[in-house]
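What follows is a pair of complexes built around subunit A, which joins subunit B in one and subunit C in the other.
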Partner chain A sequence: MNDMTQPELMHGHHGPAQGITRWLYTTNHKDIGTLYLWFSFAMFLIGGCMALVIRSELFQPGLQLVQPEFFNQMTTMHGLIMVFGAVMPAFVGLANWMIPLMVGAPDMALPRMNNLGFWILPFAFAMLLSTLLMEGGGPNFGWTFYAPLSTTYAPPSVTFFIFSVHMMGISSIMGAINVIATILNMRAPGMTMMKMPLFVWTWLITAFLLIAVMPVLAGVITMMLMDIHFGTSFFDAGGGGDPVLFQHLFWFFGHPEVYIMILPAFGIISHIVPTFSRKRLFGYASMVYATASIALLSFVVWAHHMFTVGLPLAGELFFMYSTMLIAVPTGVKVFNWVSTMFRGAISFETPMLFAIGFIVLFTIGGFSGLMLAISPADFQYHDTYFVVAHFHYVLVPGAVFSIIAGAYYWLPKWTGHMYNERLGQWHFWLSMIGVNLTFFPMHFIGLAGMPRRIPDYALQFADFNMIASIGGFMFGFSQLLFLYIVIKCIKGGEKAEAKPWEGAEGLEWQVASPAPYHTFAQPPRID
Partner chain B sequence: MSSTHAQSDHDDHAQSYYVPAQSHWPIVAAIGLFLLMFGTGNMINEPDSALRWLGVIGFLIIVWMFFGWFGTVAKESMDGLYGEQMDRSFRWGMGWFIFSEVMFFAAFFGALFYVRQLAVPWLAGEGSNAMTHELLWPGFVAEWPLMTTPDAEKFPGPEQTINPWHLPLINTILLVSSSLTLTRAHHALQRDDRLTVTTWLAITLVLGLCFLIIQAEEYVEAYTELGLTLASGIYGGTFFILTGFHGLHVTMGSIILLVMLVRIMKGHFDAKHHFGFEAAAWYWHFVDVVWLGLFLFVYVF
Partner chain C sequence: MDTLRDIGGRPHAQGLPCKAFVLLLWAPPSISFADWELNMPVGVTEISESVYSLHMTIFWICVVIALIVFGIMFWSIFHHRKSKGAKPAEFHESTTVEIIWTIIPLLILVGMAVPATATLRQMYDTSEAEVDIQITGYQWKWRYQYLNEEIDFFSNLSTPKEQIQNQAEKTDTYLLEVDNPLVLPVGKKVRFLLTSNDVIHSWWIPDFAVKKDAIPGFINEAWTKIDKPGTYRGQCAELCGKDHGFMPIVVVAMNDNDYSAWVAQQQAAKQAKAASAEKEWTLAELMTKGEQVYNTACAACHQANGMGIPGAFPALKGSVMATQDKAAHINIVLNGKAGTAMAAYGGQFDAVDLAAVITYERNAWGNDTKEMVTPQEIKQARGQ
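So, the complex of A and B:
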């Protein structure tokens, strides 16, 4: 032990270390949360640029800007980066920042592993992005990397793709173990499970999903690696394997994965809506049970992504009905949010705007999901732009809006300053209009038969594609406004009180704004 | 150096939290992991590239990191910095880590059951797949173990499979007994009976090593005498991926037990506080249970 520093440390009042080592060596949940959030925003912009390459090429029919091979790399990398680099790390960042504050813990349960979980990510994504420069190009088989596209017909860089996904998986599992250990073990005395804030509940369930399915992803990419380099035939019917086996394994991971990207969003919305409605959340217990039901159901619906591969009839029926069942708990949630707003004294600050945008647009995405769940109808919709419209509605105005809403909601707590409300409102309306311009027309061109992941298309799709491209650029560039608002808020602005929102509840509003480097060195008492 | 002091380790608090101070080990681990992955990727893609050595460097960094990081944790633990809460965090952490390992094996077991029960029969025309059978490989007959693959030129099937009542049975006996001997060691540790712990732990380790030697022998037989290889169709694939990853886990478990043996001999742990030992035991029992699944579904049935 270093005697010089010990007395200071013993009192727990010291601030962060100086210089770069603060970030490299940190065990502080707030530092790590900040790292995750900035990393995620950087990835959001990189993945967004790829989306804009896609939308530029699709602005008009015909091939004008990029080669089809590069277009495929863009769709693939856009998906991978947004899923694994932007949305998931953003939620982990929010979990790091907020869960210890919400449960009255001084930090995460396993702070060093927390640091490792973050620092794996920059390396993993550097390796993934570097594949674009390799001979044969980067991954071009879609973010779902179906075999044999990703095995027999893959570019050589697929090896590095596999290893980078392994690294992301290790990072996710460590992050999830940490979240679970924190929630189960670090709650302040008196905070029983059914008193936990919903963001904590949804993250507990999300972490369980992560630990359950990330290893399956690791397994399936390992089998890919074996097929490509070591002569096995897991996904090759010639050896008795089956390419459809890949899809089963992938979607056994992949469907819980989409709930991993939406359950924490539900949690955030369940904080923001009551705050700005100045009412308690309607139906807390039903929210908890609905979240748990969605998570459990997510393990038995995976093959609805595979209705057209030739499943036996019993499989088609089972996965159709089980998928539709998910609408019930999801409906409970939407009902509860709306009921919370009902007769509330609502004010429309930026977080609330994004939250309401979430509720409306996520519900649209949910309904198109129900349409896709109807197996016979899915034979028509499968692999069309209708699917693209569906999952972008749940992921962009769904997951991403909730992250943005959460960022505005908690920025005063993080920075000690209020963000510029006027600019925030501008950001919301530009995003709202941009997102709908981009993705709503995709429903129409999808139903009309335009396939996804194609750089060129028939003339009848031209108008809607042009609108989608204009909307895409509008949405993309308005995120630079968000960046500006956040930086401005960090640099200064109106001082934020400990509880900047009149209707807010929870332990995180009992600590000062900005939250001190160390909080709850002694556990608060919850009654 | 990563420091070992507690932030809020006051004596006057009824309950205080332990928050470890900054540490450089995680970033070392991240760099090591990256070099290992990047180097291995290069080794696989371009075996002649000089970059392949990065994998070796990464591996060495990871080994160094384990000594440093876990050494720090062991030291902190013996300095009495970890309270009951920290102990519970470690328990939750290890428990959920083992659950993630269970799911990793579940992926391979799932693949095995899927090909055995569905994919292979379908290739032979079962269900509504008569046309598939007719058009792809009309001569293909479903069987398990799959000795003749549909495309026998590309994937020549195995000539023979492994007799479960020979080496695998011995391995089952070895691994199950090693779980028992490990439990005896644990009970002795709870009585703080050092000599007995050391003895039973050493016996466990020897049983584990015997298992690995026999497993290696079995692989050699498979390749040289039975024609059972990675490339011998789906049977070879599922056989080697399941037994291979299991063997890897036995190897890791043995290394962990070896570390525990060294720590016991150095006088670490006491009758009450020995979660490091318990975590190692949990892991070993988990590996044992996986083996029982393997023995039944890969070898016997």
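So, the complex of A and C:
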């Protein structure tokens, strides 16, 4: 055991409370991190089931299982749940667990707010899910909820949808404030900003993005609420408003939002690749600057989601150029990871496999993103399965793979046990094959002309849709293996050392495995 | 009318290297690949060809970068693995290399932006059009108004319900066929003025590389100039509610003579229809016509059996509106109901169609009011 954790052992620290109150009242960053992670996994499974409903209906042309109105509810809820319920809370969970350990802080800066931030979420999502049972059905206007489909033409449950998104937004903002307060105030002495681990850096930047854009989302859904119930006409041309205003506001939130879902992933990968390459991360400083540039650029590219709404030519050109620019810092990151692996001594434990999968498939998603940036070509890609393929490549083998990689990487630290490596490898290969079978054919059907969000399609799209559906089921069921591996690891297994990975660096590996309930009561010193 | 070309026969670049590349990756040996669409259509306009070439250029740029980056990565994976006894190197930064791999992508992007900008400028030049067509999106159909020829009609999905519900065999044009296609002349610049009556729709024909949103209360412009006669198919591209997947777009492009003949025929049909408003209609005639109109305009929401969808669209069968207050019934059909999905149909149909559909709703599904609404009553209600 490292001497840094000695003080709390000698003082006989108190452990967690027993029973349900441990989880309800907890202010411990590790407990709250665990809550976030389990919650996000539950949402991942629920959102995944909705994806499987979608893929089942699309297995063959014709309407077989569900009616179009329910299909639209499934696409909408799948998107909302995966974005707000699965990916974002998973990253907040990882932040809760790892940021205090990485900066040598005893806990998050605002522990009670931390508790509240988490406990809002189950209520928000229970309410969102309950709309499926309401008269008229749940939200059916896509996760981007464009007005006036989501206002004048929405089912009555839209009001519950607005309320639950408000709650999610409040939770996210609280989480973000907490991350910023922790990182800026509670770093161990000697840990200057440019010595911070990259997961901490990327989360710091993400937190600023969250604080900047969540209020915009809150604003736009409030305007919807006003249009629906209080007679305003923000998004109704009949009263002097503009439906396109909705899209500008939504994507001013929405584009930074997609980076909120990928920047922490960059951080995780930047830990795992050096560890298993046994070589320092190449270009630490440029990684930080690239992350910051991506974050700044994310505020000036939003209208590339709206190339077909009839922007003026100058606007179209501006957003095309600014979007293309994002390829530069993103490229720097990929080059840095590859250079880290270059002339390393690489081994291929499960976290590394998922990290390599991330780099390859995220880059493919980046390439299709670059293609989508070319505005004239986007007139053909826009709102087709090509777009669906693109954002699933950056979100599933992108964000989700990074979360899974992080989970395998830190499981020994969380549980004190090693996970089953053979099963982990199985999980990786099943996921890798499943995800590509699902999403790669979508590029083809998109280019061939299949619009997104349709419950039935013309015959020439049939074969690739069938392949995608088979892949979807394969990927979905592989995640049950992940659940099994994690539970098995919690219950027992080979004892993990404080530093189970030979090449790992960072303060989190200096505390015991499993990490004691309280760590760093005395801050460590960084040289 | 020119030959109807099926979907599989759309002009595509033959023998694309990308196709071959993908074949290598996927090739299940027993499946014929000929019908598997893999790439964007080249299309039949100058713009669509430019767009296709931009698409292929950026695609190949990505492929080359991918080969280099992934090549180095997999080379490292095979040669610098610990199990082969690799010893990690010490280096972890190089300003020179970092500058190089920032500058080179930047130059590639500039190179890509130049042709993209040129094509975009061309796409935005809607001046000097010879034919002007207003396209209006409705839930869930398209309306085409020829502004100079005074032709005005709706275009509905014509795929039978039985095919969608798997009770009949699906044809080659499944979900991509309509009752009244948009007819355009080839070789002339056609300007589209797009708007919507309800939610946002998006009008898209891949072969023209035209996709533009139809936004309620605003008018967007787009244009095309078709090189070859033929039938071109597309779909609504913006989620617009329940039947978003069921509002296809079909364009029939004709040479000049055929097009002029078609225009003349449409105008004659229009005059004949206007005359029919004056004749005396019987209940049975109105019911027959009303059922047709109901199925194209009303059944999507209120359902063919008049039962509606609970919570979303009210039932008409046995409703107060359709069995009692006739004036209110006429009013809601003509003027719609603000704040709901019920659109104003007064401007969409002529007096005969409106009279017929209201009569139908008041007598179908056991509503049996035995009341008839005549075209003259509709004209009165409109204040004509």
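In the analysis below, the second predicted complex is superposed on the first by the 515 of 527 C-alpha atoms of A that agree within 3 Å, B and C clash if a C-alpha of one lies under 4 Å from a C-alpha of the other, contacts with A are read in each partner's own complex, and residues count from 1 in each chain.
In this text, a residue touches a chain if its C-beta (ideal position, glycine included) is under 8 Å from a C-beta of that chain, and two chains touch if they have at least 3 such contacts.
Just so you know, these numbers come straight off a predicted model, no measurement behind them.
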| item | value |
| --- | --- |
| First, second, both or neither for A:Asp242, with subunit B first and subunit C second | both |
| First, second, both or neither for A:Pro106, with subunit B first and subunit C second | first |
| Touched partner set for A:Pro156, first subunit B, second subunit C, both or neither | both |
| Subunit B versus subunit C as contact partner of A:Pro376, first or second or both or neither | second |
| Shared subunit A contacts, counted only where both subunit B and subunit C touch the same residue | 156, 236-238, 242, 244 |
| Complex interface listing, subunit B residues touching subunit A | 2-10, 13, 15-17, 19-27, 29-31, 33-34, 37-38, 40-41, 44-45, 69, 85, 88-89, 92-93, 96-97, 99-104, 106-108, 110-111, 114-115, 118-120, 122-123, 127-128, 136, 146, 149-151, 154-155, 229-231, 233-238, 240-241 |
| Subunit B contact footprint on subunit A (complex, rising order) | 1-2, 5-6, 9-10, 12, 17, 21-22, 24-27, 105-107, 109-113, 115-116, 119-120, 123-124, 127, 156, 159-160, 162-164, 166-167, 170, 173, 176-178, 180-182, 184-186, 189, 211-216, 218-220, 222-223, 225-226, 229-234, 236-242, 244-245, 248-249, 252, 312, 518, 520-523 |
| Subunit C - residues contacting subunit A, complex | 7-8, 22, 31, 35-41, 47, 50-51, 54-55, 58-59, 62, 65-66, 69-70, 72-73, 76-77, 80-83, 86-94, 97-98, 101-102, 105-106, 109, 112-113, 116-117, 119-121, 123-124, 139, 163-166, 170, 172-176, 198-200, 202, 204, 206, 209-213, 215-218, 220-221, 234-246, 309-312, 339-341 |
| Residue ranges of subunit A in contact with subunit C within the complex | 61-64, 68-69, 72, 134-137, 140-142, 146, 148-149, 152-153, 155-156, 236-238, 242-244, 277-286, 308-310, 313, 316-317, 320-321, 324-325, 327-328, 331-332, 334-335, 338-348, 356, 359-360, 363-364, 367, 370-371, 374-377, 379-380, 382-384, 444-445, 447-449, 451-461, 463-464, 503 |
